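Note that the chains take the letters A, B, C and D in the order they are written out, and that residue 1 is the start of every chain.
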């Protein structure tokens, strides 16, 4: 019988948050994978409490125990606003968690995951439980720069979900530009919806405002929303919902959530509405 | 001209979260105060981004830049439910932040701060901006064990606010017992309201459920609510509102918040309602 | 072309020294191996400057760049005192470094490496350059408890080298007992020599004195000597030479070192004599 | 009765060694002093085992428990070679340890301590036990740049001791130049002696060779010697003895050490000779 590794004090993962004056540390039970791709350093390790932890260039992308908070909020908010999303594009999201959530919606016919780094996909398939739907026949994985890939489509998608890394890490910056958001608008059908992760307003407050303002200038409807994300910097994560036509609350039908076939762990119909309520300091940050 | 200290990499504060498998690290710009009281080790330091940071036994109690999130949510939720709170008791809360928030309510005539450790009060007065109202004539500071002090009162307070340390640190455990909550009930007037910080559901999930269940067994009305608290473990903080008579939402009058004389940084009338909306995993944790 | 991993700040090895109030930290370039054997946790990683680093239960056993300091001093001091060592027993020493040094002596006919943990041998063969001589026909590897194994031999070995882990780690304690040293004495021929690593006099000062005194009570001749060991706690390492007959300096023939076929990196004929010169505080520690 | 501070895990001092890929960590019991002088950040703290620890720009200058190793080796090696040192100049050495050792020699009539930073002197006097002789009437403290100060003297000192910080820290670099060593030569009397700390050959191997070669080009006699220094990087410290006339071993009279009035903790007459014996890798480093 093989003995399980004993977690000690000797192997430590340290993520320095933006500004490098603070961060999170996690004890490492076992390193599972480390790889230097052309884009970034990929690490996956086992944590005694968090399960698998996946990091790019030393920035935590997800841990097994709380990734649901992030992926459910990023994906279900737009997909429950659109009445019948059929074609969805996920940009980034190489761990597969957003894809998994999107494919829970029965109307989805085609889900394209555009992850720039094929080594992330490979690692996710081998090590991460989030990758569970990567071989679903409705899913199509392409390894291209999302900022370029989006230009190929006009009036095509019902939903675009931007599941990027930090704007300051790897190729993340390309996914925070005005031009990119404009191209997302173009690639959406006339009633298309959009969501993007837009960082935290504590360590990265500048980026929250920049991303929100840029998205707002590209879409007629845009709203910032928040969610807890317990292993991300500050635990307070922001997202922006944007849309050509549907209002995130007025056009939201709670009964669709109530009748959903899947048991979710974070998102529910009340959270859908409550997540758009902002603390004063965040309102101020985005001048709302 | 005195030169400001340069923050380097050489002085680090590390808070190990419950379970000791993860935690937050912060660079120290300057240590301001360290003292071993009969109850705990008290440390206050300057952080380059967070301002003053105050810790008891190595657990962060507050940082200057985000304490408003915690103090506003702990204090204003109950005080805006009660129509006219006059007498408030704050148990714990030695940094003074809860007292400061309570005294923003003009109806308050008497605010007792029962902090067991006089050395915390002394340090707060000397170093922490949160202590600003400790000399307010309406405020009365007593250094007693809150779990004992509460027994002296029956049918007296309009509001009791439990601003304790962790149940596992110092004397914090006394403030998480059934008997204590029962005594809080007794010390409240017939329409009294109550709030308590009840830890985070990620690192301390057991305590959230225990505290909620114990409070629920002592009060006819009780509701868990959440708030972001960016430098606390997980960033997701829970509180319990409890009451003898008033319902936290049905009896809440948003116009009182709108007409409030003070500019708050987190709490607003919409947050008041949204904070009671719980993600599914927290509902499940408390069997709601 | 595969890209080399970029060492960042996010993976850290921390060895807490005895007392746990200080220690060494090393950035990890790549974890190569982690295994929980029945005896201990085995870790091997790549450090950007130190090459391979090998640790047992979070205690550094060797790094590729400086292991020569330790292995040369542990092995050559006794083997250059004995005029013609043929049979040598190495107890512990699972990385193979002591074996490699011993086999540089052309008179050696049989070198037994008694390492309790077969998983250490396996890992060393796969990952560590020190294991280079493990398949030498003169070498014989046995996986037994050295403290038991030694009892099988009487009047057999020319030299015994105790290359143990810390007395407080894993099975290390068995190799620091009076009985063990007595059994080493018995297993040696009438002119046999002995050496043992005996910790550092800064973090483990108690053990230096204990080991020295116990060895001294078992052998007629015993001398403490020191060497630099740059990645071990304090950098100041002690060893004890003991012998049934030969004096470490009076019976030492420098010409044998001068005519040695191998280029050594630390040990030389002058070091042989100088290493027995002790700073006053170490003399005092062992009452010399 | 005031309670002693309990050392926990929450305050950590981390010294990154040259290259920043490894370093030492120490738990902090209590910070005693932090000051940003025009030259450097000065920190003094209490460690549970090491007593007072003094650091400049995050580099450990000394700890109370092992500073004797460094100061005795830096000072007594040259002062026991010179037959009757009367005038000694210490450059750097702001903690006072070298001054204290120098003044143990009864022949000393004038000991000048040239420490560039007056705030180091002030802090040392207030906090460090090493400063014990700073008010000795034979001592004179000047706060000037040593590289400039030395130019004022010709044929004046019997001994010059360079007790600098790292060449890469603060103003340390000025004390590692050819010109500086040449000026030291000029400032010495015809039989003057010199010593300098020259870093460690593990993390700073380049500097050891550079310093040795530059000193060798300025003095007819020069020899590298080593000593253990348990809280310095690698624990292996190098020094260079240089001299206009006296040979460090041939002109050394051990009886002077034996008859010395002071009880030393590291240095003795045998160490004096043994410390010039170099491991092969250090010989190679300096091409000896």
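The definition used in the following text is that a contact is a pair of C-beta atoms (placed from the backbone, for glycine too) under 8 Å apart; a residue touches a chain by one contact, two chains touch by 3 or more.
Quantities reported herein were computed from a predicted structural model and do not represent experimental measurements.
Rounded to whole angstrom, the centroid-to-centroid distance between chain C and chain D, based on C-alpha atoms, equals 32 Å. In terms of their C-alpha centroids, the spacing between chain B and chain C amounts to 55 Å. Of all residues in chain B, those touching 2 or more other chains are 14, listed in ascending order. Shown here, the protein chains touch around one cycle, each chain meeting exactly two partners. Here the touching chains pair up as A-B, A-C, B-D, C-D. Residues 3-6, 8-16, 28, 30-31, 34-38, 41, 43, 55, 57-58 of chain C are the ones that touch chain A when the two sit in their complex. Contact residues of chain D toward chain C in the complex are 7, 14, 19-27, 47-50, 66, 68-69, 200, 202, 226, 228-232, 234-236, 263-268, 270-271, 273-275, 277-281.
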